[in-house]
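Same chain, two partners: chain A is paired with chain B first, then with chain C.
Now for the complex of A and B:
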């Protein structure tokens, strides 16, 4: 019975795959050329990298809601009742500790570089946050501790919300300045995007870190 | 056939493979990996079908995929936390009924 069910599943998924390939090959009509639209409006976006301009300016609503998801996920994970808190286990591995001593400061530097370079090249808050969270994980694995002791989960909450709060604040500020929500005035767009991305880097790194079991 | 279309076709195949793996496996971590493979396939389709200008891919598609990757990471992290909680509660990470566990993944 199970064998039949498995064969049915494999056959069904093969059909689905072939149908998807057929659909992908036979997409009708030219897609609207959004790359041209983006490069046309790039001058007033405040940044010179098209992907950053789309993420933080033209489609900032998407990113705002994405940041909200990144806030909700660690909060829900923290709300799960755990039977025992995960004990911090330092490995005492000299190789890992030597690696952490070199790699963590470099990762911090790289995160700042990625944050600042996002305006003109590939980079930005999400990349920087991933590197930062990776440095925290390495520190935790090598030494058994990462965040300072006074930064308890309760005290982390303002930092976790910082990115989304800054994003909303800048959105409303641009509304007050005569534009619309998240429609930054071109003269201020560069500064506003940097402020948002700086907050996002800290909040997203903390969110990623807290999602690590 | 352009290379972009090749990416889109590979993405479609990845979606089908991930779907099959998700239905065939009962272990939640395996299902999570299958879910991520499906997601990767969707991203490949998105990028492969977006109109590109030579080397430069469509920035809107890139931004959408970046958003998707971050949301997928958040969903994966949350799912892992849930799976770990399930493991703590019952010592198992499968969702099927206990009586059907004898002939499961390992004996396929």
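Now for the complex of A and C:
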């Protein structure tokens, strides 16, 4: 029975794989006019990097919902019954501690750099948050402590929702002023994107950090 | 001055923003949730008052191919209203259910349920293929998380299995999205429809198979339904109601949207396949429901059977019966949402009062839990398709479509399905009228049953609103949703 099931799965995957190859080889797409539309509107987007313009302006609503997904993950994880993993003990490994002493400040600097550079080059909140969360993990492994003790899970809640809350607030503001949802005025677009991305960096880093067992 | 089409983003952002506030608020959460419920339902009613006139909002002010649009027609409007009623009932029920010892779970249920409401509204109003994928992802994660709230071993296992299955389904859907994007160079649904119609390449059948297959898995279409009964049956009752009434229906809704729009030129060979699977779901799901001894499993298998009607109807969506089939599908989706929500809520009340899940423990419930039993019976009448409910109108229209198309086999299957539905529900309701054994009665108020009855009565009342609902759907039924 198990063998039959396995063979069925293998057969199914093979069929899907072959169909995909067939489709990808044979599909005829039109000339990509969307990239032209992006570069045409880039001047009004508040940033000069096309990817950031798509993620935080043209298709910012998709990003907002993705950030909601990133919020749901730690919420659900917190709601699950835990088998209470022992808090990671400091390893007292001098190599790790020496590494952390150099790498953590550098990572903080790098996170800020990635956040700010997002406007014109590859970078932005998601990259910065990943680096920040990595720094926290390294700190935890090396010293057994990372976030300050007063920042209990309950008190982390405002920080966890900060990014999405700022995103929503900008959206509401643009709607209530009579515009479209998340329709930034071109003059303010750069500032608003930076504000949202700064909040997102902190919230996403915390969300990633909270998902580490 | 706020734009009139701002209603669409507000229907998504109000529940989302409320969920964020609920994560911060302590004692005020209950009142905030109640106020938000009234407000969001009022906004859904406001959308209803537009009478199905298509509304459109360009997110960020960027027009369609560059930006993302939100769009509401009669179909979306009806589903948004149904969602508002089911979510409100589940949230009120949740306030009573997660009380006392379960207060901590309740504190987690509230924001997750509000996020689910936001996610469902976002999906219903989406006018962009990738945006549909994002909303499906949001719903999947929320559904798995909510199903795991119960924290029993069985519920956790079922939730994790659901998550795995749903992620496979999401991946298949995303592959289809990528293929369609590659073939048309756009993600806006209307533009994809135009470009696919202009050049219906055979390779797009692969995209269609991946998307419809993934969504059928998420909608628990036979034979891909195995994950549903344990996940829906094992969750807390207000969660089961949300999952069975809304989350599986969301996947069906996406299939319908794609079927009438982007995939319309390619549906030829797929309709009969969905028809056969739907027909088997009706018979198999109904038969399994009849055989279950666990009350919540009866209701969960009933969802498998009722989803069968919705998928069988894709094969009726052709020829002379097209309009009847579409109207019937939507009425069936709305009626099933209300009735199934009510049924899971009523089952929860009965399980608490009986102190166990088994159907034979329900003896004497008709006198001890009259409101819950009435809710179960009224919802059952709608599910079995008896007048004067909306379920009757929906099934009648589906039968009419089969009649007009001369699809006699589907006519017979649907009639047999109604008989099966009536049998398994009558079996349960009949037990509640047997004299109660002299067992220790568990103290349980009538409030849970009362909330369930409210939702069941809405399913009944919807039967008197069939004509206005059909008027809302008229433009969709004639143009396939694209005006």
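Here is the rule we use: the second predicted complex is superposed on the first by the 202 of 213 C-alpha atoms of A that agree within 3 Å, B and C clash if a C-alpha of one lies under 4 Å from a C-alpha of the other, contacts with A are read in each partner's own complex, and residues count from 1 in each chain.
The rule we apply is simple: a residue touches a chain if its C-beta (ideal position, glycine included) is under 8 Å from a C-beta of that chain, and two chains touch if they have at least 3 such contacts.
If you're wondering where the values come from, they're calculated on a predicted model, not measured in any experiment.
After overlaying the two complexes on the shared chain, residue contacts for A:33 are found with chain B and with chain C alike.
In the superposed model, A:188 lies in contact with neither chain B nor chain C.
Shared-chain residue A:113: touches no atom of chain B or chain C. Once the two complexes are laid over each other on the shared chain, residue contacts for A:2 go to chain B alone; chain C is not touched.
When both complexes are overlaid on chain A, the residue A:208 reaches chain B alone and has no touch with chain C. In the overlay built on the shared chain, the residue A:73 is in contact with chain B and with chain C. By the touch criterion defined above, A:20 lies against chain B and chain C together after alignment on the C-alpha atoms of chain A.
Residues common to the contacts of chain A with chain B and with chain C across the two structures: 16, 20, 23-24, 27, 30-31, 33-34, 38, 58-59, 62, 66, 69, 72-73, 76, 80-81. Contact residues of chain B toward chain A in the complex are 5, 8-9, 11-13, 15-17, 19-20, 23-24, 45, 48-53, 56, 58-64, 66-67, 70-71, 73-75, 77-78, 80-82, 84-85, 88-89, 103, 108. Every residue of chain A that touches chain B in the complex is listed here, in rising order: 2, 6, 9-10, 13-14, 16-18, 20-21, 23-25, 27, 30-31, 33-35, 38, 50-51, 53-55, 58-59, 62-63, 66, 69-70, 72-74, 76-77, 80-84, 126, 204, 207-208, 211-213. Residues 16, 19-20, 22-24, 26-34, 37-38, 41, 57-62, 65-66, 68-69, 72-73, 75-76, 78-81, 157-158, 160-161, 164-165, 168, 171-172, 175-176, 178-184 of chain A touch chain C in their complex.
The residues of chain C lying in touch with chain A in their complex are 1-3, 6, 9-10, 13, 16-17, 20, 23-24, 57-62, 65-68, 105, 108, 111-112, 115, 118-119, 122, 130-131, 134-135, 137-138, 141-142, 144-145, 148-149, 151, 156, 172, 175, 179, 182-186, 195, 199, 201-204, 206-207, 209-210.
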